[in-house]
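The data blocks that follow each hold one structure.
One chain, subunit A, links the two complexes that follow: it is found with subunit B in the first and with subunit C in the second.
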Partner chain A sequence: MFAFTVRRVAQAVLVMLIISLIGFSIKHNFGDPVRELVGERVTPQERQQIRDQLGLNDPFMVQYGRFLKSAVHGDLGRSFFFKKPVTEVILAKAPATLELVFCASLIVILLSVPLGIYSAIHPRRLLSRLIMGVSIVGVSMPVFLTAILLIYIFSVELGWLPSFGRGETVQLFGFWDSGLLTRDGLRHLLMPSVALSSIMLPLFIRLIRSEMMEVLETEYVKFAWAKGLRPRRVWYVHAFKNTLLPVITVGGVQLGIMVAFTILTETVFQWQGMGSMFIESVERADTALMVSYIVVVGFIFVVVNTLVDLIYGLVNPTVRIAGRK
Partner chain B sequence: MEKLLAINKLSVDFTLRESTLRAVNKVSLSLDRGERLGIVGESGAGKSVLGFSIINLISKPGRIAEGSVIFQGEEISAYSYEQMRRVRGDRISMIFQDPMMTLNPVLTIGEQMRESLKAHMEVSTAQANEICLEKLRKVYIPSPEKRLEQYPHEFSGGMRQRIIIAISLLTNPAMIIADEPTTALDVTIQAEIMELLLELCETEQMGLILITHDLAVVSQVTQRIAVMYAGTIVELGRTEDIITHPQHPYTIGLLGALPQRAGSSGRLNQIPGVMPGLARIPRGCPFKNRCSLAAEICATKPHLRKSSSGSEAACHMVGTEQSTAA
Partner chain C sequence: MINFLRRLRSSDFSYYFFRDPIALVSFAVLLVLVVAAFSAPLIAPHNPYDPTTIDIMDSELPPAWAAEGSRNFLLGTDDMGRGMFSTMLYGMRISIIIGLGAVLLQAMIGIVVGLLSGYIKRLDSILMRIADVQLSFSTYMIAIFIGATFQMVFGVANYEKIAAPLLILIIGLAEWPQYARTVRASVLAERQKEYIEAARVIGLSKVRIMWRHILPNTLSPVLVISTVQVANAIMSEAALSFLGLGMPQNKPSLGSLITSGFEYIFSGSWWITIFPGILLVTLILVINLLGDWVRDYLNPKLYKG
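On to the complex of A and B.
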């Protein structure tokens, strides 16, 4: 398991290097930082001098090395709009996004597992057909439409839930603004989480269902029936444990994707997270902020995937053995 | 000897969208206590379906259409789901064809053995482990204590089949249904596994239904043989009678196709044609289209009749001069 972990982490580092390279080349080719720094009346000679001072005339790889070095130290540059280091800006926005993704993932996992198992075990029952039918609608409806529909029904027509913002938040550990601890914060969180999960939830249900139906046809499940095991044991231990393997791999990636999906949800609900921050930074051509968003989201994605692979290793004995050698 | 199992005119239907296919057609069989019966036939003859139908474990959309299965004097074919579950893996165990596919890859051998016991009796984990170890020793698994904690992929095919046999022995069943238990194994391992099964059946006084297409295996292990063709039994009798004096043209063809019976030409004999699919079984004798003796009378369905050799054959021609000539 140790060797497996080391290998997996090395891969993750490699992927991060590539992401940072892409991020840096965007920054490198996107606009001229000197023009943003100085006014119109600076002579070309002076500009050249500033360029030399900032190291902008160095070869690409040298500049990339410098970028990487400061990135490792947590310095991704300064946002010219906020006049603050971008890491500070992102750190202030991250809790909102992460809480949103966390709640959406919770909804996805808690609902897809029982619904997927049920519709796999009883594929012909009316309820299963209903689940499948509704999930088709969920998959086909774009997130922004679901979000607007939710706002229309629950905020405009019924007036039950607030339509925008995070509501009342509590500061934890000195930097984390959490909406999870107040009633108002949770009320604000509900609709955005549902909207964000509206694509992933049906996907997960269908994934679990189809994987589980396949597993139920295997010889070892048939043997489990022949051993006279109780149905619960066959379904939840023999079949579901094997269903989990592919679901974890695919599912992990999907949950990572959800971080990127927040852009739409956050925009509709005016959720002050990283997604809406990214949209704003694009509008303001705030290059440093854009690039660091890409790097940070890439980082989250890689961390989630690495964790997923390690969990996979825990569930699948074959991986565990291979790692032990 | 007392009857262990009696199958009476059992039919199994597979209901498809447009049609209903009959995979097993009015089969009657019986098994005495401790007796070993072989069910022989080509792929698709309905052997496995028949085997699974005894414990009502036919894959959907198959179901028992008529007939009954009586086991130890009880009509188990009329049992409720829960009653049948208590029979499966307890009084009747099954051994499957491919040991590489039969064990669950994510559960240890110990878990897969203990759960079988716990499904049928109240035992503590420690007691269950004792029984598991005892059975693993019976199938000659070395250092079983260590093996209990291992996963299936840490075993070879032959070892896995031994473990599956050990699982089937856990509850001291009165009967084992073995569905092609050696087909997926190496030839050398095949003999080992068959010997082990034979030994266990003899020492434990277990009934055995051995489903196979391997006539050599059947002749070594079983006391009686039922030859199946297209869902029906075409010949039934003592193993030695059938092997030495086959009566039904199909049985004669099967035995003639064995390599050791190949003629001086060195070429294998084969039965012309292929077994018809379930939707295309001819009326009357199901074998008539491939039979060299087929005559007009074969348009009516033959029933099992006592023949001169002592076995029963479902053929109009048996007992006539032609069949002895064949």
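On to the complex of A and C.
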């Protein structure tokens, strides 16, 4: 297990290095740190002088080394638009996105498990067919369209829920702006998290259903039936436990992928999180902010994937042995 | 040709196809949509690309059956006064072209990478590592990042001019790992077989073995994922267009039509968003349903679920 962990972490570090290299070369080629510092009203001579001072005329790899060093210390440069270090900007926006992802994951898990189990146990019932039918429509529905439909129905036509922003927030621990604790914040959170969960929910239902149906065909389940156990015990204790293993591994990665979909959801609901910040930074050509978003989100993905792999290696020994060769 | 049709009629394929009502209906709907999209210049009552035929006074008209609707515009008009029906037909044509083009590009990259990494051991670990990393990020994310970078490189105005080929390139680059993995898996299975051994003993070159002997036997799983990949590519295009990284407003795809309508939904002009939305979902849904059917037919054990 130790060797597996080391190998997996080394791989994660390598991936992070590649991501930072890509990010840095975008920044190196298209960003202009001098503009980020002093704006447009500077003569070319002064500009050249500042470039020399900042070391912008050094070879590429030297500059990349410097970028890495400061990145490890949490300094990813300054945002041209916000006139602040980008780490500060991203940290201020991160809680909004993380809360959104958290609530959407909660919806996905709470709904997909019962629905998936039900449609696996009774595959021929009308309700299961309905669940499967709705889920394939859900897969075919782009997340921004779901979001727009929700806004149209619940905000424009019915006027029940607010259509944009985060509403009233409470500051926790001095830096975390939370919308989870106020009624207004929760009302604002409802539609974005439903919209975000709508993309993953059908996938999870289908995944749980197919895994569970496969498990229900295995011999040990047949044996459990033969022993005369009650149906509930066979389904929920014997079969469901073994369904969870693949669901956790695939699910972990999918929940990480949800961060990608926040870009779309946040744009629709003008949610002040990292996703809408990224799109704004693209529109403003704010290279430093854009690149650091890529690096930060890449970091989140790498951490989630590594953790999922490690957990999988922990519960399923064949993975770490097969990987050794 | 007649011989081929006769063989097709008595094949398992058409037997199962005609017995499955879902596959039949989705195929019929897809056929209607594709034909309508590609004959848009013939059947559309207006030409949304021709500014001289557009009257700004016609903007934001509701559908014909509503009280203020005009009989001239069956499904209403958008904010620029273009007829929704005609614009949607042209938009669907763009969406389908980009979807097909992107899948073609993905398949080309993916097949080459998959063949190489399946057949040449030294390249395997590095190529598959790249594919794994790219898959572990969602393909949307990669597409959005590449799109954002391209927009920065070309500038917004130039980007919009060459948006269609760029989108094909972006989505192709973002989604090739699906193909690479599928092809590699079947290459690994094929290379164990005796006919490959025989080909090697004869002294054929590696390229020839890969291209002429292995590749034809890996095509059926490629076909299986292609259908679903077209639906995915159309969805990615819509998402990119929605974020402003896709087709511009004067040459809208279904995604950018939905975007332009979104601003007007609060004033009650729902038709600008809802009609293209329904069309987009229908298009993707029938492709997905057909893809499910093809997968079940060709290889029930390839994927679960």
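Note that in this section the second predicted complex is superposed on the first by the 279 of 325 C-alpha atoms of A that agree within 3 Å, B and C clash if a C-alpha of one lies under 4 Å from a C-alpha of the other, contacts with A are read in each partner's own complex, and residues count from 1 in each chain.
The definition used in the following text is that a residue touches a chain if its C-beta (ideal position, glycine included) is under 8 Å from a C-beta of that chain, and two chains touch if they have at least 3 such contacts.
Keep in mind the model is a prediction, meaning the values are calculated, not measured.
Asks: Between subunit B (first) and subunit C (second), which does A:V6 come into contact with in this model arrangement: first, second, both, or neither?
Replies: neither
Asks: Which partner chains sit in contact with A:L314 here, subunit B, subunit C, both or neither? Use first/second/both/neither.
Replies: Once the two structures are laid over each other on A, A:L314 reaches no partner at all.
Asks: Would you sort A:V137 into first (subunit B), second (subunit C), both or neither based on which partner it touches?
Replies: In the superposition, A:V137 touches subunit C alone.
Asks: What is the contact status of A:L207 with respect to subunit B (first) and subunit C (second): first, second, both, or neither?
Replies: second
Asks: Based on the superposed arrangement, let me know which partner A:A224 touches: subunit B (first), subunit C (second), both, or neither?
Replies: first
Asks: Taking the superposition as given, does A:N242 touch the first partner, subunit B, the second, subunit C, both, or neither?
Replies: A:N242: touches subunit B, not subunit C.
Asks: Contact-wise, after the overlay, does A:L149 reach subunit B, subunit C, both or neither (first, second, both, neither)?
Replies: In the superposition, A:L149 touches subunit C alone.
Asks: Is subunit A touched at more residues by subunit B or by subunit C?
Replies: The larger set of subunit A residues in touch belongs to C.
Asks: Quick check on the complex: what are the subunit B residues that touch subunit A?
Replies: Listed in rising order, the residues are 55, 57, 59, 85-90, 93-94, 96-98, 101-107, 115-116, 119-120, 151, 153-154, 164, 167.
Asks: Which subunit A residues qualify as touching subunit B in the complex?
Replies: Residues of subunit A touching subunit B: 218-230, 233, 237-238, 241-242, 245, 315-318, 321.
Asks: In the complex formed with subunit C, which residues of subunit A make contact?
Replies: Contacts found on subunit A: 11, 15, 18, 26, 30, 136-137, 139-145, 148-149, 151-152, 156, 163, 206-207, 209-211, 214, 253, 256-257, 259-261, 263-264, 267-268, 278-279, 282-283, 285, 287, 290, 294, 297-298, 301-302, 305.
Asks: Which residues of subunit C touch subunit A in their complex?
Replies: 129, 133, 136-138, 140-141, 144-145, 148-149, 151-153, 231, 235, 238-239, 242-245, 255, 258, 262, 265-266, 268, 270, 273-274, 277, 280-281, 284-285, 288-289, 292, 304-305
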